[in-house]
Structures are given as structure tokens and as C-alpha cells.
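Below are two complexes that have chain A in common, paired first with chain B and then with chain C.
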Partner chain A sequence: MNKKKINFVLAIGIILTAFFVTIAIVSVFYTPCDPYDMSFKEKFLEPSGKHLMGTDNFGRDIFSRVMVAVKNSLVISGSAILISFIIGTFVGSITGYYGGIIDEILMRINDALASIPSILTAMVFVALMDKSQKTLIIALIVAFIPSFARVSRSQVIALKNRDFVKSAKLSGASNFRIIFKHILPNGKSALVTGLSVGFNNAILAEASLSFLGLGIQPPDPSIGSLLSEAQMYVATAPYYVVFPAIVMVLMVVGVVMIGEGYGKN
Partner chain B sequence: MKRKILFLVTLSMILALCGCKGGKSEGEQSSTQRDSIVVGIQNNLDSLDPHVAAAAGTKEVLFNLFEGLVKPDEKGELIPAVASDYKVSEDGKTYTFTLREGVKFHNGDVVTAEDVKYSIERSAGMIEGETVLEISAFKNIESVNVVDASTVDVVLKAADTELISFMTVAIIPKNYEKQETSPVGTGPFKFVSNTYNQNFVMERFDDYWGNKPYLKTVTFKIVGSASTAVTELKSGAIDIYPYMSVDLANQLGSNTYVVSGNTNLVQALFLNNKVEPFNNVDVRIALNYAVDKQGIMDMLSDGEGTAIGSGLFPGFGKYYKDCSDVHSFNVEKAKEHLKKAGYEDGFTFTVRVPSNYQYHMDTALVIKDMLADVNVNMEIEGIEWATWLEDVYMGRNFDATIVGIDAKLAPKDMMVRYTSEGGKNFVNFASKEYDELYEKAIATTNEDEKVDYYHQMQDILANEAASVFIQDPSMLVAINSELEGYTFYPVYVQDMSVVKFKD
Partner chain C sequence: MNFKFLVKKIITSLVTLFLLATVTFFIFEIIPGNVVLTKLGTEATKESIEAMEKLYGLDKSLADRYIQFILGLFTGDFGISYSTNLPVSSMINNCLPVTINLAIISLVLVVVVSVPLGLFFGLISSKKKNAKKVFAIDVTNQTFMSIPPFVIGIVISLFFGLTLKWFVPGYVADINTDFTGFLWCLVPAAVSVAIPKIAMMIRFIRTSVADEMEKNYVRLARSKGMSEVRVLFLHVLKNVLITNVTALSVVVVEIFAGSVVIEQVFSLNGMGRLLIASISGRDYKVVSAIVMYVGIVVILTNLLVDILYAIVDKRTVSADE
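Right, the complex of A and B next:
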């Protein structure tokens, strides 16, 4: 047996991400306090045994709200990124493989989309539709398709003239089979890295939109809306902004480390 | 020799430079005697034309630019402004105004009787081709007659003793077309500029007939949120911010102080009486029982504010009736009424709140929490102010909304909002009895009867739960410690002519 070096970066990334996913799942069934229950007698309590992260301006337990926020952020950015990954990769690899006029048209549309910052694209969508979780997901999907399309397209173009593709062609495999069975698995590491970069961009984009009041509507918490509510009280209740901020940083770091670590393997 | 000359030249240059610098710093010092301030406001002004503007947040600013024949003072009395005196005929049908001599518009013209006639007729909607926000009380005007150069008669169809309160309507020059872009009035300040999403600047009007303002320039700056205002107050970027919350006021530095007074608004969870399920009086009553007004104040303003139960706020003095106990907080009764209405299992509705008003948004959150206790699910939708005006207020396309509404000093101005045919009745309240009382109230010349009618009308609004009336919120105004003189009015205005720097 080969002694495999432990990939610390990957391991830490997986542990962090798994931790937050666990919190997200737990938050559906259990939070220490009701994240929506207000009590003016418990306004701005400092962190304590009962309220691990203190309470906010309505006397709500920040820890419980952060748990739900993690869930909301992961659900929104996770589902958005998965769908845009699938669509983007499909479009990118097809056009990369076939080339020609379709490639030109789709990629120019793609370029046009990519030339606008994804957060702006998302904002336009939210402004056009109603402010809901669904809109937010759709907006993020549209915003993130171009980056995935480009990554997969360049992988397919780089690999499509290799010998193993040619031999697959000779043995009579269909184009679809060649793309999805032969080419893409070989570009796996680039795709996974792209996925992890996209995922943490989505987490940040969701946070930004919610911060601007365009994302999840109150009283539902998301990391962004928590930060936006908390920023008003930076001077008097610093813990309110600090904890959600730390959680967001750790979530993003976890996902980034998975991508980095995977690339090193 | 050459070197010496060079030395001397260099030296003189250095000295000259020093001189410049010295001179400049002196100049800076003298300019520290400030005569201009920046006031934070929440919104773009919806119109600069005083006869068109609808938003309370616009009228509070335009108060500095425009005056009517009379204007309110800080005690709520109407004092003569453009008119120096007025008389009401015995039958209450003719108002005779004597114009003050030599009152000038900001463009230098003297106010004439024709201008007064034009202004009243315009705001009454009597001039064709002019789109204005008609003052419904002026529908009663039969004619406006110029008697002589300094006398104007306003003749009414029916007696109305409250009409004088509406004579605060701005007097503007006749046939001046650019009111919307560069407004001209007679107020203590004149218009300088208005930049969308940035600021509104005004300047002292030196030919003002009354006490001239202390400040030379006042800039109303649009501040995105109350938390931004805190930062800007601390840094000195703004000097006055009238919409502080208790929690935020605690964060202010020593360079500001906070004064509190009444906002003179009716803050309510306004219910659209025409849509399901709010067309059912029991549902409305249930919501009234379910909302703990004191709880809202405790949560948001340290208990400050005055709970109300009907359509007027306490600033109306004798006309105001305290109805806050009619449906005082009681979860059991709320459930009973829901059961009676057939909504035992509760229901869901959407409240559309202008999201730039943090206080109303926060109120929405607290109410949502309270309604959850009676199984009513209130979805909160934060919307733009412009959307609110157009869609909710004008279009009446909403289930419920939370805002504060202001009024002129006449109770009528507020109560007309609930008459079945009233153009301002955006909650679609309909009660025949109420309409009849309203007619009587504005017609009577007997003051005691009038008070009685208004009290009865408030009872109806409370008993039939036209909406969930919450409170007249307390207003916290943060002010730069170098300033003094800020004055509260019983109407919603920001009077900058009395603000000055301390000596």
C-alpha cells in the first residue's frame, strides 16, 4: 500500500463544510431558542450560556438566527449553483465540442452576460420579479451560468483532439457519450475547482443581495440580512455583527479549501 | 553677487508662500463661523410644486419655502402670514382676507390679490389644465373674488368653520410655469437646487417679511438609512436628523444631542377594507385585539409614543378622543372574533411597507410576531417609496400597509380620509353613519357640536376598526451640539428658520 499523504487543505475544507451543512440540517428540527420570538426585555443581551451569541434589537437569539441563516444561505446558494453548474457545463461542453456557428452565438451571449458583474445581473432579476427565495435562486442561476459554461468549454476544447477521444470516436461512441463519459471526467479537477469558486461566490452574492435588502425578506434571516441589521448597532452591540461575519468567513473558507485541496490531489 | 540675488529671490518667494499660507488659514478661521447646515431626510421630494406634493416627507421640507395666507405656529395656532388679517362673515360663508403689505415672492415680485386668487383656485382644482392634488375642503368654494388690491374674498357654498386651517395652502405667483423645477414662494427660505437622490438646497430669503432665518444655507440631504445617518452625524456630514430610533440614538457621540417630541402622525396598520378578509369587521377587530400597542412602543422606542385607537392624534387637542382602550390588547378576544368571522385557523395576508422607513419596517416585524399568536400569518413585503405612493396609496392595491399619515391643523383633513367618497380614503372604509356625521361636523358653526361630532366619528372608526391604529410615534431628533432653537410643531414640519448656531 502506498502511504498517502493526508491532504490537510482538503480535510479541513471538508470538515468545515460538513460542519455547516450539519448545522443547516439541525436548524430545520432544532434551534436553542425560537429564532423569531421577540421580547423587549431581552434586547441586546451580551453573549451568555443561554444566548451563545447574544440577542438582537428585538431580543431574538442570534445563535438560533445564525443557524437558520446558514441553512437559508446554503439552500439558496447551493441549489442555485448546482443548477447553473449543470446548465452551464452542458451548454459549454456542447458548444466547445461542436464549435462552429452555434458556439459563436452562444459564447457571444455568454460573453455579454459575463461582462456584467454577476451581482448586477442578479439585482436586475430581483428588481424585475418579486422579492422571494425563488427569485433569488433564479437570479443567482442566471448570474452564474456564464462562468461554468466557460470553464467546461475550455476543458472540452483542450481535450477534444486528444488520442483517447479519437479512439472513442473510431470505436463508434456517440458524441454525447464522448463528451460526458470521456472528455468531462478528464477535466474533472478544473470543473470541481470551478464549482467551489462558484459556490463561494454564490454564498457571497446571496449575502450581498440580502444585505442590500433584495434577498430574503425579514423576518427570515440570511447571513447578509443579519449583517445588514447588525451594522446599525456596531458601536453598541459589536457581537451582533461579529458572529454572523465569522460564520460567513468560515463557510466561504471551507468551500474554497475543498476546491484548493482537490486541485492539489 | 548672482548667488546673493538668487538667495534673496528664493527667500522672498518662501516668505511670499508663507504669507499666502498665513492668509489662507486666517480665511479658514473666519469661515468656521458657520452659517449653513445639512439636514438628513429619508426620501426624494415627490414634487417641488406645493400644490402637487403628497408625501409628508416633502411637505415638511417645503414648509420652509412656502406660506399660505395663514401658517401654523409651534403651539398649533394659525397666525397671519401672507394675509395680515381675516374676517369671517356671520353666516360663515364668506372669508375676507386682507393682504400684508409688501410681501415678496422669491423672484422679487410683490404678492398681489390676483396671485392669491390664482393659488386658491389652483389648489381647489378650479383652473383647467392644471394637475394638482386637489384639497377636498376647497370643493366647497363658490368663488374667489378680488375686492381691491389688498383684499380677497373667498365665498363658500356652505358654511365651513374649518376652512381657515386649509388656508395654509401655498401662495404662488400667477402664471409662473416652472414651479415643478424651480419653485417660487414667499417663505423664509428660497430654492437653490434639487438633485435627485442627493439633496435639496435652499437659501435665506433676505426680503422675507417676517423674522429672517439665522442660517444662510440649509441642505436637505437624502440619507439612505438611519444607520448611515448615525455615521454621518458622528462625522459631522449632517447636522440634524429627525428620524432617530432609541437604539441608534444611544450610539451617537458627544457632538450631538437628542430631543424628543410628537411626530404628529397617525401610525397604523392600515387595512384595505375592501379585500378579503378585511371586509369582515370581526377580522379587523380581531387584529386590533391582537396587536399590543404598548408592546410595539416598548420594543422600538423604549415605551415612548402615544397609543391611539382611532383616526386622530393627540395634537388635535379638543377634537381628539382617546379611543385606545376600545380594543385593548387581548389575545383571547382576538381569537373569539376570528372564530366568529370563520377564520378559526387563521389566514395569511401581505403587508406592503415602504422599506426606507426603518421604523415602519420594524413595526411590521413586531406586529408579525404578535399576529402569529392568533395564527394569523403576516407576510412582509418591503417596497420602494415611489411604488408605495403609486400602487398602495393611489392605486389602493394592497391588503395592508404600515405608514404614518399627517394632516393639516384641521381634524377634517384627517377625518375626510374615511368618508366613503373621499379621494384620500385609501383604506376603502365605508360607513353611512360616518359620512352623515362628517357632513354635519363640517357644516356646523357651533364649536361644541363640532367637537361632539368628531368624537362620535372617532368612536365609529374605533368600534368598526377601520384599521389597526397604533400610535403617534415619538420623534427623536438628533442635533449637532453647536445648534439650538429646533422647534417642534403640532404638524409634521421641519422649520429651519428658527435653528441657529450657539453664540
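Right, the complex of A and C next:
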């Protein structure tokens, strides 16, 4: 593939993601209608100029709710994935670099945690605590640490015996500096790809949990909870399902394309 | 494939399973709150408390309960459920047929659809002039990979269920009287779980075919005048399948993750729905047992894939020692 095409993928990804980030930021200050305002006279209105995506079973404006849902989704999955990326990469690269018994133990625990799907790990944490936004973030953090630890560990192990590491050692660089200044930057493309895959999975996990009623609690909207409400009215108001579903897909496609384009660069 | 490798892999799997069980057990032990008091209220008599503690096995020490839990992995006995007072194992066994069959149908769908399509697309992408088609394939794949199963499920039940009336959403035939009918009822759900994974596997296979087609042995075969299709089936296919065997374990994990959610969409009474009900009802025994069931399946799959991989690619054994 030629270079032009690669940047094209990256560009679409960035544009899509930037678009949703903008919507998320705007939703904090402005939504066309109040996303919580119920009006039983305006139940199940078809999409129109006033209600771009129609109204739901409580007469709330779906477009405004989708805007807030995008914000919730991005904030929750974004913050969770960032924290678990930092913890996972730190643990994975340190243990991978030093090796030995601690590495062996941590990686076995890591394998054990990785052997159940991350959404199940997250569900266990929701079971342990109450159903709230905070729980959701903690659950996602715990669920995604193993994958990041694994990626960074394999990068460090693959690179730690290379010549540039040896020469860094000879010139007296500390182990810490070697790991974070020399090894990790060289594994950057794998880490960034891992980050985008993780972010993507976190968005899906958040949506799935909220869809199951284990994530964001009503009346706060999330793409997942919107879809779960919409599913009940799928026969009478198909547009209620269609718009959140499209938004969900576009949001994830944007993130995936960034990882794609970056990984191939 | 030697004996030492096999033993090593089995021991590693057992250790992983043991660690998972330990983490799972203690994580549910540290939750504050007394199940018995919550259930009986403050006016409970001493006798009724004791009787209930005995029923749930809470009269035993922590160590005893831990050993019991670990043994449960082999006996399948995970005690009595807090919410229904039934044995946890029987509750799970009622749900197993749906989840297992759903997973098997999805897995079959993934393999049957993704291998031929992946090879075909791989063949297309090995030619330079097809760059545009490859791009279109990749974008389509990417999109399908990004759609969560429950969204696909909703669309399928809307379109094929309510509009075309190919199936009745929420209806499942009785497994004992009509097994084929039962399987058919699971197909829409299985398709929803499988679609993103099919896209994922097509992508893996396509890229590895394209990579292999660049290699020297393929160039040699081509220069001898072999047709592209013959090269693909006689030389490339084997290597591509070897590379992608490991991806199967990822697919199995994802299929289980997907079916937890999809059971809710299609109102199937599988482990996913039991799990959600148990989480909401704070029935930790059922939750931890389900975690272990899933963990066992995944760990076993990983073990099988590792062994399979060692059989088809003998280099792994020596590299592992």
C-alpha cells in the first residue's frame, strides 16, 4: 500500500473522532433541547426539524440525549483506558525488563485475569460495588490492565537485548531510563495500536454494560442504555434504535481507523 | 511435539486456573455485608441464622470454604445459591445448553465463512493493481468489526424477525422434544455474535495470505509457472492456517463475551442472563461459579490451541524450551 492511502485512513479516523469529541464538548454547554425534559404530549415524534432524531417514549429529544451519551461514553471509556494503559504499561514493561520470579508470578496472574473476557471482569466489579459511573470506570480499568501489560511486556522482551539497549547500558543509563526513554519509544507503534484497540473495546464494553443495565443508570443517557430502551419500541419507533446505533458504529470506526492508519505508518 | 512440552503446558494451564479461582474466591470474600442477616432481617432468631449459615456453608471457616471452592472446579459443586436456595450447579446446568450451543454455532459460522473469504480476499490483495478493492474490503471489514453484537442483534430481530418474520424473537423451541428446532432458534443470535468475529478473522487471514504471497518460496513457485490458485492451495494455505490457529482462542473468548450480551437481546435463557440476574440479585456464589465456568472453557481452549500449534509448527516446541 502506498503512503497516501495510509494517511487517508488516518485522516478519516481523526476527522470522525474529532467530530465526536466536539459533540461531546458542545454537549456540556449546549444541547438543542433539555435531554432530561419529559413531555408526554411529544412521545414518539418522528424525526423532524425540531427533533432531528425524533423523541423517545418519554418525549425526550433523542438528538440531545445522543449528544450527552457520546460525552458520557467518551469520558468514561477514555479516562478508564488511559489509566489502565498507564498502569498496564508500567507493570508490563518493568516486569518484562527485569524478568525473574516476580515477572513469572505477575504474568501468571495476568494470564488468569486475561482468561476471562474483559466484559465479564467488568461485570464482576459491578457486582462487587454499586451500579454507578465511578464503578463503571474502575471496572473498565481493572478489565483492561492485563491486555496493556501483555503488549508492553512483549515489546520490552523483544527489544531488551538489542544493541541500542546494550549501548545505553554501557553509557551508564539507569534501568528506568532505559525502559522508558529507549525501549518503549521503539515499541511505540505497537503501544499506540494497542491503545486504540483498547479504547475501542472500552467503548464497546461500556455500551454493552449500559445496555445490560449494569453501567450508566437512567435517567443519564449512554449509547448502550439508549439502545436498550429503544429495543423495547423497535416495532413502533425504529428510528429510536437506528440513530444511536449509527452513532455508536461511527464512533468506534473513527477510533479503529486512527489505530489502523498509525499502525501502518 | 514432545512429552515435556505437553506436561509444561498442562501445568501452566492448571496454575492459571488455580490463580483465577483464588482471585475469584477472595474478591467475593472481601465484600462487606452479611448475606444471612440481609436475608433474614434484624428480627431473626439465633436458630434461624444458624440454620441458614449451615445451608450456605457459611458456618465453616474461610480456609474450608476456599478448599471447597477449589474442589468445586473438579466436582462442579459450588454450593447453594443465595437467591433461589437451589444448588448453583443445577442453575447453571439449566442454562448451559443455550450458551454452549450458541457458542458452537457461532464458532462454526466464523470458521466456515471467514476461511474461504479470507483466502479469496488475500488472493485479490496479492495483486498490486487491486489496491482500491483491497481498500474497500478493509474498510468494510473494519466497519463490521466495529459493530457490537447487540446492535447487530437488534437490527436482525427488527429486520428478519419483525419485518420479514423469518423467526419469532424471544421464542426458543424445547431442547428435549425438538433439538433441531432449538438450534434453529439460536441461529439469529449466533449470527449476531459471529459477524464481528468473521470480519476479524477475514482480516487476519487476508493479511497473512498477502504476507505469504510476498515470500521467496511463492516467487519460486510462480516462476516455475504455477497458477496463483495452485500456489495458494498447495503452499500458502498451510502456512496461513498455522499462523491463524492462535487467533481462534481470541475468537472463543470474544464469542463468550458476545453471547453474554446477545442472550439479553434475544431473551435466551443462557448463562449470560443468569449472570446478569445474579449480579443484580447479589448472588455471589452464582456469579463466581459462572466466572469459573467461562475461565475453564477459555483456559482449555488456550491449551488446545497451544498443543495444536505445536503439532502443526514444530519450531514452537524448541523455542519454548
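We adopt the following convention: the second predicted complex is superposed on the first by the 259 of 265 C-alpha atoms of A that agree within 3 Å, B and C clash if a C-alpha of one lies under 4 Å from a C-alpha of the other, contacts with A are read in each partner's own complex, and residues count from 1 in each chain.
The rule is short, and it goes like this: a residue touches a chain if its C-beta (ideal position, glycine included) is under 8 Å from a C-beta of that chain, and two chains touch if they have at least 3 such contacts.
Treat the numbers as computed from the prediction; the structure is a model and nothing was measured.
Have a look at where A:Met38 lands relative to chain B and chain C in the superposition and call it first, second, both or neither.
Once the two structures are laid over each other on A, A:Met38 reaches chain B alone.
Does the superposition put A:Ala235 against chain B (first), chain C (second), both, or neither?
Once the two structures are laid over each other on A, A:Ala235 reaches both partners.
So in the superposed three-chain picture, is A:Tyr98 touching just chain B, just chain C, both, or none of them (first/second/both/neither)?
After superposition on chain A, A:Tyr98 lies in contact with neither partner.
For the overlaid complexes, name the partner, chain B or chain C, with more touching residues on chain A.
The partner that reaches more residues of chain A in the superposed model: C.
Just checking: does A:Ala207 make contact with chain B only, chain C only, both, or neither of them? Give me first, second, both or neither.
Touch partner of A:Ala207: chain C, not chain B.
Regarding the shared-chain residue A:Pro219, is it in contact with chain B (first), chain C (second), both, or neither?
After superposing on A, A:Pro219 lies in contact with chain B but is clear of chain C.
After superposition on the shared chain, which partner residues are touched by A:Phe19: those of chain B (first), chain C (second), both, or neither?
In the superposition, A:Phe19 touches no partner, neither chain B nor chain C.
Which residues would you name on chain A as touching chain B in one complex and chain C in the other?
After superposing on chain A, chain A residues 213, 231, 235 contact both chain B and chain C.
Under the touch definition given earlier, write down the residues of chain B that touch chain A in their complex.
Against chain A, chain B makes touches at 225-227, 230, 247-248, 250-251, 295, 298-299, 355, 361-362, 364-366, 368-369, 372, 379-382.
Inside the complex, what are the residues of chain A that reach chain B?
For this pair, the touching residues of chain A are 36-38, 40, 43-44, 57-59, 130-131, 213, 217-219, 231-233, 235-236.
Any idea which chain C residues touch chain A in the complex?
Chain C reaches chain A through residues 12, 15-17, 19-20, 23-24, 27-28, 31, 131, 134-135, 138, 142-143, 145-148, 150-151, 154-155, 157-158, 162, 253-254, 256-257, 260-261, 264-265, 275-276, 278-280, 282, 284, 287, 291, 294-295, 298-299, 302.
Under the touch definition given earlier, write down the residues of chain A that touch chain C in their complex.
Within the complex, chain A contacts chain C at residues 1-2, 5, 108-109, 111-113, 115-120, 123-124, 126-128, 200, 204, 207-208, 211-214, 227, 230-231, 234-235, 238, 241, 245, 248-249, 252-253, 256-257, 260.
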